[in-house]
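Given below, in the form of structure tokens, are the structures.
In what follows, subunit A forms one complex with subunit B and a second complex with subunit C.
Entry: the complex of A and B
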């Protein structure tokens, strides 16, 4: 039982690492645009399939496919923002939330149209997992976790020290003041859309390596991503990471008692509990985004 | 051919009830509901399960509508004091978790196989023209609902809901209990979705979890926005528009040969999504915009 518990904890850390990037992206976008973007889920799907095309169809090695996917997903995010969200900047945020659902339907079905509903996987050499004292971990999973951690740190540094990060925080904190100070808010939205979709696309490959690639791979994670962002106190990219690990951990450990099919119900349950008892999130907020 | 039209009209009526429900929530009160299909499913499954246990139709209908309303109030009570974004997330979550429940709790719901041979009310007396009879009953229900909702819209209560939608703060300052009214409006919308579910289940006499996917919610949004949000006639017209749209795209495969199986389904869903976005951007008021009411 002890070993088994450790295994679940480890799995929790791994899924937290995968959830963290989309949760950061969701929080960044929410901070700037002020609506819950449901299209985040399909950016995962898009990332998974773009990497599939690069890796399997074109035969590129995974690291190269990874970079290509991030670049292309960024453009996808910008394209979606320009075509679907930009004409509606002045509307009620909820109208945009509905539009984002429409976007996610379109993207998911474009993937379905091209690749169908089958489960797919990347061309990866089969590697032996490592094992210490009954706890197993795959080499790919370790790399995923490491890459994800690097990106988390990078985003934090970007937000804290770079000019872009400071402008993003300024727009999130007070758009009016930011524009008075001469910050070009459309430019910030453009770059945040790129960054958010690129990070989420990266998570898409991770999901694809860890499980499988299919048109619903992103939508299935949307509740967990929202749960992570809400636990982190919606709109904060720093605490979203904490939220992601918390949700990942809770989902995996709950598998000790619950059938695996109910995994995403854990995320939902946590959303409801947090909303009822701690609507500002689990952590004390110190800064915007 | 005539049977085909009866079937289509039956689905139009069911979608019209769904759309009227969403209209109470979004059109009148401005509450977002991305899990409408969840309440539809609660209605369908509750009525089907009770009917299989031998309860009479009137009883199963009442129980189903009440349970859908109860779920609606619980979700609204949980989230409506907070930012409205949360309602969007929680309603979507509710409908997805409910679908997981329907898939997994085979002892109650039949799992992926669903529930078959759901009794059709008073079938034994009128088996010959049953579908036509069912359509008539449904039309009567729809007309009564329409009259009720029109009265609601024109009443002081309806005016209060619009006030909450347009400026919550002003409504609160005017002494209206904003939170309570929102919970009521949301529950009423959920109850209507439940009612639509009852008619759906007993019409098909078969239900399964894959009929209650988020696509249904999107369809209802398309219907409402196309017809005219805030306008009851628009909500019903929207159901006609939607079903015409869906039925006409069904024939796409006759013209475009590569569209087969999953590809056709994908193209139709892309079109529905596109239609929704274009409506939202360019014609948010729909075919029949909300009528201005002069309060004298």
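Entry: the complex of A and C
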């Protein structure tokens, strides 16, 4: 049981690592645009399939496919924003949230139309995991976790020190004041959409490597991402990372005591509990982003 | 808009001509005394977890119906098919069923796949006196107070899990883990299997039912492997099975695995790779490839790569058409009341509608022998027996290695 417990903890960290990038993206977009963008889920699917096209159809190696996916997913995010959200900028958040659900249906079905319903895998042989003291981890999983950590740190640095990051924080904090100060808020939205979708697309290829690629892959994660963002106090990219690891950890470790059929209930349960008792998020930070 | 001399606007006359041309283009036989066609619905899983099977299931029905209609239909009546996609989703299936029954006025629905789907639409069918025949396995379907409108060609869980138990015992398996996706049959299957193997001295060391649509099953499998099973029985669907097989491999599992064809098919094997899939057993209610019905289906579909559900839907449409031909009562009730007459012994064995029709016209009693097996039904509309095939993955290919009589 001792060894097993460590394995569950490790599983939780791996899940958290995969949830973290979309949770950051979700929070960033929420911070700037002030609505929950559920289309994030399908950016994961898009990422998975774009990388599939690059890796399997075009025969590119995975690292190249990874970069290409991030670049293209960013454009997808910008395209969606310009086509679907920009004309609705002034509407209420609920309207935009519903639009984002509509967008995800359209994108998901486009993926079905192009690639069909079958599950797919990248051109990567599945390898036996490595073992230390009864705890197992796959080589790809370790790489995924590392890459994810690098991006987490990079986003934090970007937000803290870069000009873009500062402008993003300014717009998130007070859009009116930011625009008075001469910050081009449409430009910031443009770049945030790009960054958010690119990060989420990266998570898509990670999920695809870790398990499999299918049109539902984003939908399967959206509840956990949403839970992570809420736990982190929606709108804060830093604490979203904490939320992601917390949700990943809770979903996996709960397996020890709870029947496996209650896994989804963990995400829902956490959303309810946090909204009831700590509506500002688990880490109660007031600062945005 | 102004009317022209003939009292028709240009637009209206275009509409009339357009409709007429369209009518001809669709190839409707214009018969002055044409009888109403018999309306039948299909509700195959074209998308969702059943997506790999649904299209062929529907295609089998369409091809059979085309030949029936070309050969004069059922006593001169044509069959008109209405296709809907169950999406392997009970809610979508319920909406589709309402549409099929209320708008298309079908008298029977064929080809529902997942048990959850069949259970969801069953009440709508029997309350509307619509006949339903499915390929679902859950026992709850037998227990429906369905007024005998609900039939199926998939053996019930009891028959299936019995065969799985028999298989495990014949292989001499001792420490077995049972893992299953959350479905109406997961528990009945597991319980029956456990009882059967434990009575013979084997042990079910872990019994785990998991949720569908999870991105990973790492912790579920951590739990399963914690009990050190030597063999695993998996009752999953193919999307989750792909994830599970990869993860089992990464986690260092080296024991045996057996599961049904809806968990392990060639696509799953291709996806996980030959090394991961090596040695996995597939044990499935099979087809009867030696039967004339199966050979007829091969001819109709133009392929020998036929999934066992398509073989069943071939039987569905033939059973329904022959029941209607026998009873000449063109309602769901007519199918219900005459199906056992044409499917169960005694009688002349037939494997297609045309063959059956010939003997029915001569006033003889027939016994339909299907592509999926004997197609004999008990009082609950369950199939009495079914051949089981077991195959094994060897170097990335599924190789048939034996048969078990269900």
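Simple rule for what comes next: the second predicted complex is superposed on the first by the 279 of 289 C-alpha atoms of A that agree within 3 Å, B and C clash if a C-alpha of one lies under 4 Å from a C-alpha of the other, contacts with A are read in each partner's own complex, and residues count from 1 in each chain.
Here is the rule we go by: a residue touches a chain if its C-beta (ideal position, glycine included) is under 8 Å from a C-beta of that chain, and two chains touch if they have at least 3 such contacts.
These numbers were taken from a predicted model, which means no experiment stands behind them.
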item: Room on subunit A for both subunit B and subunit C (clash or fit); value: clash
item: Partner chain in contact with A:112 - subunit B first, subunit C second, else both or neither; value: both
item: First (subunit B), second (subunit C), both or neither touched by A:125; value: second
item: Contacts of A:272 with subunit B and subunit C, given as first, second, both or neither; value: first
item: First, second, both or neither for A:261, with subunit B first and subunit C second; value: both
item: Which superposed partner A:103 touches (first subunit B, second subunit C, both, neither); value: first
item: Which superposed partner A:93 touches (first subunit B, second subunit C, both, neither); value: first
item: Doubly contacted subunit A residues - partners subunit C and subunit B; value: 112, 117, 219, 259, 261-262, 264
item: Of all residues in subunit A, those that touch subunit B in their complex; value: 35-36, 38, 84, 87-88, 91-95, 97-99, 101-106, 108-110, 112-113, 116-117, 219, 222-223, 226, 230, 234, 259, 261-262, 264-265, 267-268, 271-272, 275-276, 279
item: Of subunit A, residues touching subunit C in the complex; value: 1, 4, 7-8, 11-12, 14-15, 18, 112, 117-121, 125-129, 131, 136, 138, 141, 207, 210-212, 214, 216-217, 219-221, 251-253, 255-256, 259-264
item: Touch list for subunit B against partner subunit A, complex; value: 30, 32, 34, 78-79, 82, 84-86, 88-90, 92-94, 96-97, 100, 103-104, 214-215, 218, 221, 262-263, 265-267, 269-270, 272-274, 276-277, 280-281, 284
item: Subunit A-facing residues of subunit C, complex; value: 47-48, 51-52, 182, 208-211, 213-216, 218-220, 222-223, 226, 238-239, 242-243, 246-247, 249-252, 267-268, 271-273, 275-276
